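For reference, the structures are reproduced in the following blocks.
Next come two complexes built around chain A: one with chain B, the other with chain C.
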Partner chain A sequence: MNPYPALVATVARHRGVLACLVVMEDDGIVVEAAAQIGVETAAFAALTASLYRKSARAAAAAGFGGVSFCELEAERGRVLAAGRNGLVMVAVAEPKVNLGLLRLELLRAAAGL
Partner chain B sequence: MIRHTLTVGWADAPLKHFVDDARLQVAILMHTSGQVLAQVGFQRSLDVQTACALSAAINASAEHLGTMVDGTPFRGLHYAGMERQIYLGQVPSPDALLLVLAVFDSESSLGIVQLYVKELQANIAAAVPSSTDHEPALAENFETDLNRNLAQLFGRG
Partner chain C sequence: MSEQLAIDPTSLVFLPLAEALLTRGELANAYRVARRGADRHAHRADVHDVVARISLAQDDTAGAERAWRDALAISADFGPAHRGLGFLCYQQERWSDAEAHLARARQLNPGEPSLEAAWAALHQARAAATAPVAAAEPATAPVTAPASAPATQVATPPLNSGALFDPALGDSSQVALLLDADGLVVAGTYATADGTDLGAVIGAHLSGVSDEAERAMRHFGLGAWTRILLESEAATLMMSPAQEGVTLVAAPREVPLGFVRRTLDQCQVLARRWLGEEA
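On to the complex of A and B.
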């Protein structure tokens, strides 16, 4: 049974979350997604997977070990990503989202990847 | 030989933009016949000719195979090697269907390349000159040259 729709749904149901995706880390291709209308999931997937990969390389180069979570804060929103087993779970959220709760939920969901 | 020198200036800027944005190592924009329009990253013209001939052949095979098994041509091919990957995609222009061959490594990804191919399609559509502005680009004996070139490539020439 495909576990990803349930994992995505647990994150996507939170208030302020615009999209939640499971993305292949190396390819940036969407595996599973739930998004509000207007969110370009393919672009988000490709660019966030790239960001996550490069964050991991930066952390490795600095001798910090592997990356398990990264967050991008922008003027009108936030992108959070947590990865495991070659997959990255990405949440796209409004600035007013409950960040602590979302982060917790994303890490919990990513543990199921 | 294929007239690889028939690159046209209007396609250079969109392709260079595509290469920079998608972090590619090599890219070629060509007609479906294998005639090159623009290239970035190749050092030798023979490599360009070879890549174009093979890409055109792959595209033709995928179109026919797709039509045969799925009713519509297959569009877009991705192949991942140990270190490098290729993506062969179609770029519709007002005059003709074009092909783009992108070669990339771990600096980029399939998702990134597909994302910027869409942008390339828009940029090519905006940059392509009117068909009345120039003569047909194909030489009269282009097909014969292409077949001879392919035969040489595979050691039958």
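On to the complex of A and C.
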């Protein structure tokens, strides 16, 4: 049974989440996605996977060990990512989202990847 | 230490215990331990200093100020209280008070880098903030006049840029760096326990993350990036853009995320002032 739709749905129904995706860490290919109309999932998938990869490499090279979570905060929104087993769970959210709750939700969902 | 304190409640072991809890971010427990200790050992200035630092970490600036003033009531020359009040007044832009306390702290701890950096930053910020409304500044003289600061010092950045972020970091286990666009360290230090400075290594590797964020933001339509958080096995890393470079804060994983974010915000203010971005 494919577990990803349920994982994505858990995060996507969180208030303030515009999109939730499971993507391949290596190439940013979308495995599963749920998004509101108008959200370009392909761009978020590719670039967030790339950012996550770069962050993981940089943190490891700097001696901080592997990265398990990253968040990019911007003027008009937030992009959160949590990875496991070569997959990255990505959430795109409004600026006012409950960050603490969404972070926990994303980490919990990512544990199922 | 908790067991030792339970066996002997009059023991001073509560001091390192409260410090340890503070470092671990267990602020409510730290405050409870320190407060009980302060009640039993009200005559000790160092006890009030611990209470003050925990209060500050809890965003209770009034409580912190009260505790440091209690410490000074016990010992007017207690350096940590002057230092704490100096930094607190500095953050609250109470320039005259900040100057008086930092001046006294410098007299009591001559040459301490964090105090020298704070002293220089104070004069720079004060000059920038009061320049257009100089006449409005209260004429009240500091309790203790600072060692006469030459006029040229106002516009001079701290001589020891390594200590730029010390007012924000205090005695915490966090570290901060200001990196330029090439990942070179402009200010701050990242020293290991054996004294090795890893700032250059960390800056070189992590500055690339902000480049990647810039690239992503061009496609996301979310505006400019304002903060990046990375949680790794060993540390929490947060960075914000500062001119062409970034301000970076690293903290052990046990430090709460909100506390790291707060530290980053404070470091960002110091970095911007130092870079001359803010009036």
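Everything below uses one rule, namely that the second predicted complex is superposed on the first by the 113 of 113 C-alpha atoms of A that agree within 3 Å, B and C clash if a C-alpha of one lies under 4 Å from a C-alpha of the other, contacts with A are read in each partner's own complex, and residues count from 1 in each chain.
Definition applied: contacts are C-beta pairs under 8 Å (C-beta built on N, C-alpha and C of every residue); 3 or more make two chains touch, one makes a residue touch a chain.
Just so it is clear, the model here is predicted, and its values are computed rather than measured.
On the superposed chain A, the positions of chain B and chain C stay apart, so the two partners fit side by side. Of the two partner chains, chain C is the only one touched by A:L51; chain B is not.
More residues of chain A are in touch with C than with the other of chain B and chain C. Residue contacts after overlaying the shared chain place A:E75 against chain C, while chain B stays out of touching range.
Legend: residue contacts after superposition of the two complexes on their common chain; A:A62 is shown touching chain C, with no touch to chain B. Geometry note, superposition on chain A: angle between chain B and chain C about the Cα centre of chain A is 120 degrees, to the nearest 10. By the touch criterion defined above, A:N98 reaches neither chain B nor chain C. When the two structures are aligned on the shared chain, A:T10 is found in touch with neither chain B nor chain C.
Of the two partner chains placed by superposition, A:T41 touches none, neither chain B nor chain C. The minimum CA-CA separation between chain B and chain C in the overlaid arrangement is 9 Å, rounded to the whole angstrom.
Touching of chain A by both chain B and chain C, each in its own complex, is seen for residues 43, 47, 50.
Of all the residues in chain A, the ones that touch chain C in their complex are 40, 43-44, 47-48, 50-51, 54-55, 58-79, 100. Within the complex formed with chain B, the chain A residues making contact are 23-24, 26-30, 42-43, 45-47, 49-50, 53. By the touch criterion stated above, chain C contacts chain A in their complex at residues 198, 201-202, 205-206, 208-209, 212-213, 215-217, 219-235, 237, 250, 257. Those residues of chain B lying in contact with chain A across their complex are 106, 108-112, 114-115.
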